[in-house]
Amino acid sequence: MTPTAATARKPATMAQALTRALRDALAEDPTVHVMGEDVGTLGGVFRVTDGLTAEFGEDRCTDTPLAEAGILGTAVGMAMYGLRPVVEMQFDAFAYPAFEQLVSHVAKMRNRTRGALPMPLTIRIPYGGGIGGVEHHSDASEAYYLATPGLQVVTPATVEDAYGLLRAAIASDDPVVFLEPKRLYWSKADWSPEAPGEVPPLGRAAVRRRGADATLITYGPSLPVCLEAAEAARAEGWDLEVVDLRSLMPFDDETVCASVRCTGRAVVVHESSGFGGPGGEIAARITERCFHHLEAPVLRVAGFDIPYPPPMLERHHLPGVDRILDTVARLQWESDWTEGRGV
Amino acid sequence: MTPTAATARKPATMAQALTRALRDALAEDPTVHVMGEDVGTLGGVFRVTDGLTAEFGEDRCTDTPLAEAGILGTAVGMAMYGLRPVVEMQFDAFAYPAFEQLVSHVAKMRNRTRGALPMPLTIRIPYGGGIGGVEHHSDASEAYYLATPGLQVVTPATVEDAYGLLRAAIASDDPVVFLEPKRLYWSKADWSPEAPGEVPPLGRAAVRRRGADATLITYGPSLPVCLEAAEAARAEGWDLEVVDLRSLMPFDDETVCASVRCTGRAVVVHESSGFGGPGGEIAARITERCFHHLEAPVLRVAGFDIPYPPPMLERHHLPGVDRILDTVARLQWESDWTEGRGV
Amino acid sequence: MTVLEQPGSSRRKGELPGPPPAWHPRVAPAPLLPDAEPHRVLGTDAARQLDAALLKRLYVQLVRGRRYNTQATALTRQGRLAVYPSSTGQEACQVAAALALQERDWLFPSYRDTLAAVARGLDPVEALTLLRGDWHTGYDPRACRIAPLCTPLATQLPHAVGLAHAARLKGDDVVALALVGDGGTSEGDFHEALNFAAVWQAPVVFLVQNNGFAISVPLAKQTAAPSLAHKAVGYGMPGRLVDGNDAPAVHGVLTEAVRRAREGGGPTLVEAITYRVEAHTNADDATRYRTADEVETWQAHDPIALMERELTARGLLTDDFAAETRDGAEEMAADLRERMHQDPPLDPDDLFTHVYAERTSQLRQQSDQLRAELAAAAATDEPAQEARP
Amino acid sequence: MTVLEQPGSSRRKGELPGPPPAWHPRVAPAPLLPDAEPHRVLGTDAARQLDAALLKRLYVQLVRGRRYNTQATALTRQGRLAVYPSSTGQEACQVAAALALQERDWLFPSYRDTLAAVARGLDPVEALTLLRGDWHTGYDPRACRIAPLCTPLATQLPHAVGLAHAARLKGDDVVALALVGDGGTSEGDFHEALNFAAVWQAPVVFLVQNNGFAISVPLAKQTAAPSLAHKAVGYGMPGRLVDGNDAPAVHGVLTEAVRRAREGGGPTLVEAITYRVEAHTNADDATRYRTADEVETWQAHDPIALMERELTARGLLTDDFAAETRDGAEEMAADLRERMHQDPPLDPDDLFTHVYAERTSQLRQQSDQLRAELAAAAATDEPAQEARP
C-alpha cells in the first residue's frame, strides 16, 4: 500500500498504538470487553484505555471494584459465556493477587474441559522498571508466567508491534499475558493507525538487526538497550545481531537457533532477575539445540538476584549498554581462552 | 556416637522425621509457632503435625480459618513481632492464594527495611505428583519460588534430610519455602529421632552416588528415580553420578560444577514442566561455568509443558527411569556425533 | 455497646454542607439494600406449600442422591474412584439447588457437589471422571450448563458472577447458582465475588452449605459471625438462613432467590445449615475431630427421613411410589457400578491436545517423544515408561 | 423482603433434636457479637467532651499535618519527591489515628498515611524515603512501632492482625491499628484479615478512611453496602461509622476501640467518612472524574476549619496559640524542605546487603561485578553504568 494522506505515518507512541488496538478490537468484535481498575472514566493510569468508555459505554469498558482476583475471576466467567475479556492489571506487582485465578483457572480451563471451555482472555500488565517507580511498580514478573503451561506470554518492543501483537492477543483463542514495557509507553515511531501494519502471528521472533559476530537475544524493555549496545559495539569492531523475541511462549526456537548457528555466540538480555528468570530457559534451549555451533557459552545479562531496588539505585540494576558490552567481551574471542574464573 | 539402644536406627518415614523436626523446634524455641489448615486436631492431612497441638497447645500449633493469604499474612505480622512461624500450605496449588503475601512481603520485608524486619518464616508445601492426586494436588511449583529473590527454596529427598533441613529452615533468619515431596512422605530409612544426624547448612548439595561418565542433577521426588536410573545404567555400561541439590536457592554451584567438570556430561531431572522450570537455570549456569569441560550440552528430563495431568495419565508425564536413560544416551557418546536433529 | 454520641445530636446541624457528597452514590444507587434484619431462619413447613408433584420429585432425587453417595463411596473401596467427598446428609441442598434452576441457568459446583450435577441430569459417570482419576471434566460445561467441579475453594464464585453478568449483558435471562462450603467463605475469593455481584447486580445466587466443618476445622474456628448469612449485609445483598436438611425449605428459598435474580433484583446469599455425615472424603478419619454422638444427633435430622414424614403426613408416600423410587435408585446405582468397572479409554497423546487451541512446536516435539517411547516400550514388550516413585 | 416462613412456626417444634449441634460453636463462643444495630453515625459534638489539652494537641497536629501535606506536594514539583499521595482533607483521620495509640502500640499505615506516622513522632524525612525514591523504609519499624508504608492495598491488614495476636500470645497488652482506604476494602486480604481478627479476638482496630474514591473509582462502583462499617457484621465484630473530618470524633471512636481491644474485647472496624481534596497523587488528574463543585463542598467541611470553630467556641483559640501553632508548622516545613534538598548518601553495594541475612555466593559475585563496573567507569571518568531507556 502506498501511503496516502490518510495512512501517512506520523510519530505515535506505544501507548497510543495500544489504545488504538483496543479501540479497533472493541469496534470489530462485540464480544470484546475491557475491564480493570480505573480503565473507564480515567482511561487507566497510563491512559491506554483513554476514550474507550466514552465511545463504547460502561458495559464494554468497565471500572471494576478494586480486587484483582475478582477482576480476573469474573473475566473467566465472562469467557465461559463466550465473551473475550481484556483485563488490565494496573501494575506488574498488583497482578499477584490474581495469581491463583491465573494459574489454576485461566491457564488450565481449556485443558481441564478438553477444549470445551477455551479462555480467550488477554491480561494486560504494564511491567518492568526504569520509570522511577517505587516498590511494586517495577517488577519484571515474566518468569512466573513462563513457568505456567497454558498461558501465552507476549511483549511488544516497538510501536508497530504494540498494535499488532495486542490485536493478535485479543484475537487468540487462548489466554495471553500481554506484558507492556511501561518505560516504552512514551517511545515513538512513525506509525499510522490507518495503516497499522499486519497483525503478526503470535510466536514469531523478529531479527531487529543483522550481525555476524554474536547474537543478542532480548525482548520488551531491553530491545532499545540492545540496539544501542549493538551500535556502540560497532565502534569496538563487533558486528552484533539483535533478536526481539516478542513472544516468550510460544517460543520461536527456529529464528533464535538460526541466528545463533550463524554467529556462534549469544547473550540473552532481560531486566528480570537472572536466577530462575527467562534467560536460563533461553540459554539452555539454545545450548541443547546448537551446542556444536557455540564458540562460547551462552551468557546472560539480567537484573541482579535482588528485589527490585528503589528508584535512586535502579540504574545499577537494569541491564545497560556497558554491562551488555562487557558480557559480549567475555564471549571467548581469543583462541587461547581458558576456563577457570571459578564458580 | 556409637548407637545405643536409645539411638538405634529403626525404619522411619519421611513424614515421621518431619513431625519430629517440628516437635523438636517447638520444644527448643518458644518463638516457633506452627499454623495452617487442619494442622491442629487432625494433625494435618498428611499427619505431619500429628500430636503437636496435644503437646504444645493450640497457641503453638493452630488451626486457622481457611484462607491461605490470611495465614501467610498473619504469619508475617507474627514474625514482625519476633515469632518464628512455620506455616503449612495444605497442597502445592493451594499456596497460590498466598502468592502476593509471599512475593510482595515475605520475600521483600528484610530488604525493604534494610534488615530491621527479618522474616524467619518457614512455609511448608507438600508438592509434586505421583500419588494419584486430582488436579491442584500435584503441582511442582518450585519455579515460581526460584524466580523470587529473597526466598530460600529447600527440598529434602531423604528421611535424614527431612529432619535436618527442616530444622535448618526453621532456624534460618530468612524465609524458606520448604517443599516436601509428597510421594516420599511414606518412604522409609533407618533413622532415629534420638540421633537425628547433623543439621546441615542450607545451600549445600549432596553427591548421592559417585560415577565417572555423567552427572544426574536432581532434587526432591526425583532423587529415588535418578538413583534407580543410575543403577539400571550400570547394566548398560554407564557409571552415573547423582547430585541431590537439596537447596535450590541458595544454589550450590560448587558441588554441581565440580561434578560436571569431572564427568563432562550432565542431565538435569525434575518433575515440574521443562519450559521455564528450574532445569533451564541449572543447565544455563553449568554451561556458563563449565563450557569447556562439556562433551555434550546439558540436557533436561522434565515434566512436559502441560498442566499437571489426571492420575490415570500422570505416569507418562513424570520423569521415569527409561526417559532418563534415553536422555543419557543422547549425550553424544560416539565421537562422530553430528548435530542437526532440527529445532 | 458504647455509643459516644447519638446521631443527630450535633449542634452543627444545618451548618454542615449537607451530608458528605462522596457518601452519596455517584451513580444510580443499588436497588437493594439489606433488610433491617437481614436474615431469617426458615422453618420446616415449606413442604406443605409445595405442590405434590414437586414434592415427589424432590423425594425421588433425595433417595437417588443417597444411593448415589453410597455407591460412589463403595467405588472408592473397590479402587474405582481415586477419592470421593460424600454429600451424605447434604442431599437436600444438592437436590434443591439442582431443581431450583431452569434449563438455561448455570450451576457452579464445588468438588463436593457431584450430586447436584447428577440431580440436574448429568450422567453420573461423567460427573465422576475427575474423582476416578480420568480427565478433570467429563462433560461439556456449555452443553449442560454445569461449570467444572471446582477444587480450589471459592474460586468458582467469581466465575459464576462473571458468567451471570455476561449473560445479562447479552440480554439472556440466565441465572447462575454457585455452591460453596462454610470453610470456603473465609477465602478472599468469596468476598470479592460477593462484592462484584452486588456492585454489578449480577443475577447470581450463592448457596453456602454450612455443614459445620472444613475438613477437621469446626465453624467456630472459621468465623465469629452470628451466621454466615449475616455476611450478606456487608455487600448490600439479602441474606437468608435456612434449614439445609429440609429439602422443600431449601428449594423454596433458592427458587425465590433465583426468581429475584432473574427479575433483575440482584444476588442473594443463602446459608443452609446441614451436616456432613461421612468423613471429609474416604481418605479422612473423622473420629479424630468429632464424636459419634454428634453424628447421631444429626442423623436423627436426616433429610430423607424428614421428607418421608412430610410425604406421609400428606398421604403421598404410597407403597408403590416408595418401591418405584427405591427401584429407580437401585437401577441407577447398578448402572453406575457397572460402567465404572469398565476402564475408560485413554490416549496418552491427549496430554498435548488441549493445552492450547493448537499445539506449539514444543508440544509437538514432546508428543513425538512420548509416542516414540511408547512404541519402543511396546516393541520390547515391556510395560510403558513409568515413573517409579 | 419475602419471608417464606417465620421462625418458630414449624409444627415440628419439639420433634427436632434441638438446634443443629454444629451450629453451636464448638469452642467457647466469641465474646462479642455485633450489636443489633451495628453502626452509629457519630455526630460532631465529641469535641466538647475532650479535655482542652488533648483538643489543642489535635489542633496543633492538624495544622502541622496540613503544612506537611502542602510541603510534600511542593517537593514533588521540585523533583525532590518521586510521587506524593496527599492526605489533605484527611488530616483528622491521620492525626486521630496517631494520637489514639499508646507508645507500645503499632501503627500499620498504607502508602497514603505518612502523615499518621509523622503525627506519631516519626521524622518526616524518614517517613518520605520511599516516596523520594530512596530505600523503601527509612525508619526502623520496631523502634518506632510503625510498620512499613504498605503499597499493595489491604495486604498490611493481616500483618496487623498477626502482630496483635503475637503480642497477646506473649502477654503484652499491645494494640495494632491498621489503616486502609475505601477501595482497599474490596480486596480479599481485607476480608481474610477481619475474619482472622474476629476468630482470634485479636487486639486490632481497622480504620477505613472512606475518602470517596479509589483513584478515579467512586464508592458506588466499589460497594453496594449501606456503609463500609456494615461489613463488620459479617465478621462478628462491632462496626462504627464516624465523621472522618471531625478530629475529636474520630479520636473518640478510635480511643474507645483501642481500649476495647486492649482489654481483650477484640477487634473493631471503624469507617471514617472523609474526602481526598487533592488528586490521587501529584501524577493524577482528578478533573477527569470529579467536579470542582464537589471538591468545594467538601472544603467547606474542612477538618481544620471545623476544629477552629470548636476551639473558638470553647475559647481555646487564642491569638498566641494560633500563632505558635502556625510557627511550629512552618518550622517543621522549613526543616523538611531544607533536608529534603540534600541528596541522601547512596551506596550501590547496599543492593546486596539485605536480601538475606548473609549474602549468597551468587550475590557476592554480583556485588563484585557491580563494584568492578563502577571502578572501571570511574577510571575512564565516564558516568557510571546506566540503563538507557
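The chains carry the letters A, B, C and D, assigned in the order they are written, with residues numbered from 1 in each.
One rule holds for everything that comes next: contacts are C-beta pairs under 8 Å (C-beta built on N, C-alpha and C of every residue); 3 or more make two chains touch, one makes a residue touch a chain.
Nothing here was measured: the structure is a model prediction, and the numbers come from that model.
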{"item": "Chains most often in contact, by C-beta pairs", "value": "C-D"}
{"item": "Distance-maximising chain from subunit B - centres being C-alpha averages", "value": "D"}
{"item": "Subunit A and subunit B: spacing of chain centres that average the CA atoms, whole Å", "value": "31"}
{"item": "Length of the line joining the C-alpha centres of subunit B and subunit C, rounded to whole Å", "value": "35"}
{"item": "Computed distance of Cα centres, subunit C from subunit A, in Å", "value": "39"}
{"item": "Residue numbers of subunit D (touch at least two other chains)", "value": "135-136, 152, 186-189, 191-192, 195, 199, 221-223, 350, 355, 360-362"}
{"item": "For subunit A, residues contacting two or more additional chains", "value": "64-65, 67, 69-70, 93, 96-97, 100, 104, 111-112, 135-136, 149-150, 249, 251, 253-254, 275, 304-307, 343"}
{"item": "Subunit B residues touching subunit A - in the complex, by the definition given at the top", "value": "69, 93, 96-97, 99-100, 103-104, 107-108, 111-112, 135-136, 143-144, 146-150, 249, 251, 253-254, 257, 272-273, 275-285, 287-294, 296-300, 304-307, 338-339, 343"}
{"item": "Interfacial residue positions of subunit A with respect to subunit C in the complex", "value": "33, 59, 64-65, 67, 69-70, 72-83, 97, 100-101, 104-105, 109-118, 149-150, 152, 172-174, 203, 249-251, 253-254"}
{"item": "Subunit D residues touching subunit C - in the complex, by the definition given at the top", "value": "1-12, 16-18, 20-23, 25-27, 29-30, 32-35, 38, 40-46, 49, 186-192, 195, 198-199, 201, 210-213, 218-226, 230-238, 243, 245, 249, 252-253, 256, 266, 273-275, 294, 297-298, 300-301"}
{"item": "For the subunit B and subunit C complex, residues of the former touching the latter", "value": "37-38, 40-43, 45, 63-70, 93-94, 96-97, 130-137, 183-184, 221, 224-225, 228, 275, 304-307, 309-323, 326, 343"}
{"item": "Subunit C to subunit B touching residues, read off their complex", "value": "82-83, 130-136, 151-153, 183-184, 186-189, 214-217, 221-223, 284, 288-289, 344, 346, 348, 350-352, 355, 360-363, 366, 370, 373, 377, 384-389"}
